[in-house]
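Labels run A, B, C and D following the written order; every chain starts at residue 1.
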């Protein structure tokens, strides 16, 4: 394909944080260009925003249905190649279904959708259409977690025993939603966020990482959800014991009331022959541990020959020139766009599926569902719907 | 009192790790001197070891009963002022009872003893005699955890919400006990270690710290114990959700199969107005966190005026001249010997009890008991015996 | 201006590292688009590369002179608004002069040029034309160094006493240039790199940072250059004592033979009332030190209200979502493009000059010149040409 | 020898920091006991202090001459075996000469003495008597620097190219000596500290470490001394370029006005095949670097089989149980007392000299002398007296 892929966007207008990140990430490598969008449910604001970011006015739509329909009618060389959906949780399902119905591949900012019913329907639809479908579980696409996955797969730490994932944030330590702060308001509102805030928002990243790096499925959970700040309906803190395939065990501790903690996702995996440790606060480092030996500091860098090939393919700079959050999005978009290109040329080809896909999205929803059920029922083990 | 206090020791002979630490810690500040002991159940080895460390031969005893009896008959200025018991878990109770029966104050290396029955009996005895009784929950006496306790008490982080304690070690990642290694062998043997290995050995430190810093009691636990290495009877890994007074919550994750982790005790406490974080790998640092403000790095040092008085009293060097593990023991021994001095002068005085005492020791035993029961019964909540 | 700025590029074709970084950095914020270029001295390769990155074939030129001439003839709405020059050191001058002669603003990857004669001529030309002219001393535009500069300017650490900058790299520990490695080959070749390798390449970053953060000029240097690897003509290691205005002092230690060090630029500045410390390996952190108080950890993040406004304007993500090297380039391009926009609308307006400009570029050249002279003459003090 | 060695002390009375450290360090391993002393030039205070630390009153002396004379007359089994001198710099020489004249081995807290004349005389005396003579360059005896020395000697990082040592402290950022603070007052007084404050006090540690780890002598220095705080006669900041044997080079940067820095001694050594890095703020870690490979974290611990034998002999605890400053003193005293024991048994035996000896002490004095001369003469190279 001798052109950039064309992307449409739903959501992500003025004031939205994640929309801008998606635009920067998608376009970073010069393989994708944003060509159209519906950036707000307020159509005036949507159009105004589209102009601000220099889009052609005739590609600025009032509703996502209009966008899907109009774009689908454009010649293949002009129309968008896929849609990126970056709205809040309760507004993922409808535009996704619309896109799929019009034959467009879809990327959604996690979580997949709002309810288990939506999740089941969306999964069926994706499988029926065979369209590429991606989800931005971003953290997994930091190079050093790609490296971790490759090392586990390559048996460098042996059979997995335990996975420890923590994700403390402090930003909801006070009742920020009372101030009208946008991010806090919708996340703490069951009508918009769903049945869980803390675990649904950040605990799911932990769950995804556990499966992604280990290659093992989480099968059961025992959870304790807390709402420490008075007046909150949804959890702002969650601890989860879990069981995985092959008798591996794990713990997820996530919190939004961890005063002074930024976004301190930390991932550790212990096997029979070694262990790996990664932290978002030092995301270009992977600690490689073998009992009785000095710990090794694996660092990112395209020039670091000791890294796996897959890791090096997901970096742009030599060691000591730090990449970050936007590049992790770019890595997902790059994998996804490879599939879209192949699909565009020949819809019958196999997918690489190196990006988080519909099954990962469904699993995330089912995990939250089981966690909430476990907590409600008094901290008992719950199986996760498959 | 114009002389050093005299200490007797039970256990801690050749090859024992913790005995030497107790001797160095107790004597570091020049206020205590070791004068007698029974260092081994083998009386020849005991005497030989006593000579090696330059003790008077007539103060080297064959059994602890002989030691208690003989020392009790010496003039008050000559005889030992207290006994330090550093034997393995199943050999704490008998010498402790003997010492108390002979009127000697006692320090025991944690845990208190071997069974709940012993614990109940020992507690009664201590309370009945009114003798000073200490336990070396060492980590709590690192200066920066003394500081943490003082800050919490002083309401500097507000009402406590959550306490997170982890303690990963890697030294039992393989079946070390099969090699005959001394430490591994008795700890993994139910006849010597008791009903738990991992949680009993290191999880209890976590539990003690949680109560010590927060000033709140742990009331209930829900635990999952694992034995990852094949052939092990006792746990080598343990995760515990817990409830505290005043609706605080917490998690303890301890492990002996955390490949490559040394002794990475980490303690975090989150309140309504701030948080504190301490790690054994950087033990002279306490991170002080307030949401929305830069994290502050509190460092040890007698010259650091921003530290609480109690903290500064437990350091010997100015900032940048690191103290360590032995000094933490010395801090406990200093507090304990203050009480012994006061008691020696006047047995009716009140105790400072600034060191871990019989109640802390009993709580440790009861905590392990409840944790094991919770795990055996399928990970359900268990109340802790008071 | 209701469109993106148009950028042309000289250099940066296949295999070049820094060209890709400039393209990503310049276009990251959606305010600039690359429209034309000469990417290689081999015109076939240049055109082939331009196609690869999806440029219009009729904007792919064979020489930079052709590019300047052709673009200058295009209508103002179509032609490039400025040129980015990312060739190796000895090929900066000619395209820069050509661009300026055709009325195009210029960005050059540091250093400014190849010789002092070129530097003097280029400075005269820039001043004569009044065109915006920028240089990518990238490190200075990491948010936390922008913060450092703002804090110093705001007198938060008082009168400056000392500036310590170190920049150890290990990549030339062996004679890498013998293997034909591209980066190593030209940098160690006096015909391409100029009179210095190590100090010219990385020591200059240190010098720039020292002046940038302190707001003080370096006036004199005393330098020791070393070539540790046998057979090298140019330095691979350099230590420099320096004097600044207002009696401040400093040290720069840069090295390319620091085995195992990546790109460990570290900057410290000490004033009468405090100190600041920044390191490239933890670039989103600034340590703020006041004698007798706990160190404060300032962290990047648009939501961190304790940061200066100027700092926050140079970030895209909230705390805990790391930005990196590419974003630092983007910050320079953003400042630069602001000036270009203002200039395009009205050439008589004042420049913001918030990016490194021609004076900074000249200073870099003069600094290297004085450092080399000092070392050659036996480590004596040398004044720096102004 | 079937008893503890007996130590006498000169200096180190009430309020002195380093005296207490020497007492704890010397006695930590149970091989040495303090038996006598002159703790203050005020004999009343001296005696009062001696009682406080429970010494026999008849071993508390009024002057060091009296002590040497009286102790020398005691039976060999009773009298002190060696003297530890912990007075301020200008009061080292006289008691040391007196001790040597009376046949007592001597340990002095560094620096050796006050003037070059004293240093020459003391060196002659020590060599003439053949008595064991030690100096507490403490940092070198942290286990991980013992490890560094062993690795260099074992050629694990190849031929040495460069040694970088920095030692920033912040405690004299303000004119602390004006407040009467004891440590600051004598150190900034040329009558008590000598010709240099900053370099003499802490720069010498850097110089010693450079020679100790590398095994190479420093031959020439080029130094810049600064007195940043107004009204100071002596330096409070010093940068030194140095040359070593075998064409190795190095830099020492030491400062007492580094606001907020504690005692941040940092040591790095770069060879043709690797590099080592150690920092006092994380003193139980040694980073081992090889270009192109992951950095390895070597950690202290008697159980770490990857450490050299000599390193393991200088530790008391397993990994993760931190030792510190006092233990480093203990290591020097242990090596020194081994020599004293051998000497006591047979004065003609060879010394191990594993502790810093008279030659190290003389070198420290000569280094300071050359550094001051270099700075005074305008930052020119100076040879160091041998």
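The criterion applied here is as follows: a residue touches a chain if its C-beta (ideal position, glycine included) is under 8 Å from a C-beta of that chain, and two chains touch if they have at least 3 such contacts.
These numbers come from a predicted model, not from an experiment.
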{"item": "Chain located farthest away, centre of chain A as origin (C-alpha)", "value": "D"}
{"item": "Contact-richer chain pair [B-C vs C-D]", "value": "C-D"}
{"item": "Gap in Å, rounded to a whole number, between the CA centres of chain D and chain C", "value": "44"}
{"item": "Where chain B and chain C are represented by their mean Cα positions, the distance between them in whole Å", "value": "56"}
{"item": "Touching two or more other chains - residues of chain D", "value": "171, 293, 295, 299"}
{"item": "Contact set on chain B toward chain C in their complex", "value": "288, 292-299, 304-306"}
{"item": "Contacting residues of chain A [partner chain B, same complex]", "value": "157, 161-162, 164, 170-171, 173-174, 222, 224, 226, 228, 237, 239, 241, 249, 251, 253, 255, 257-261, 268, 270-275, 287, 289-291, 293, 295, 379, 381"}
{"item": "Complex interface listing, chain D residues touching chain B", "value": "2-4, 17, 20-21, 23-24, 27-30, 51, 53-54, 169, 171, 262-264, 280-283, 299, 301, 303, 316-327"}
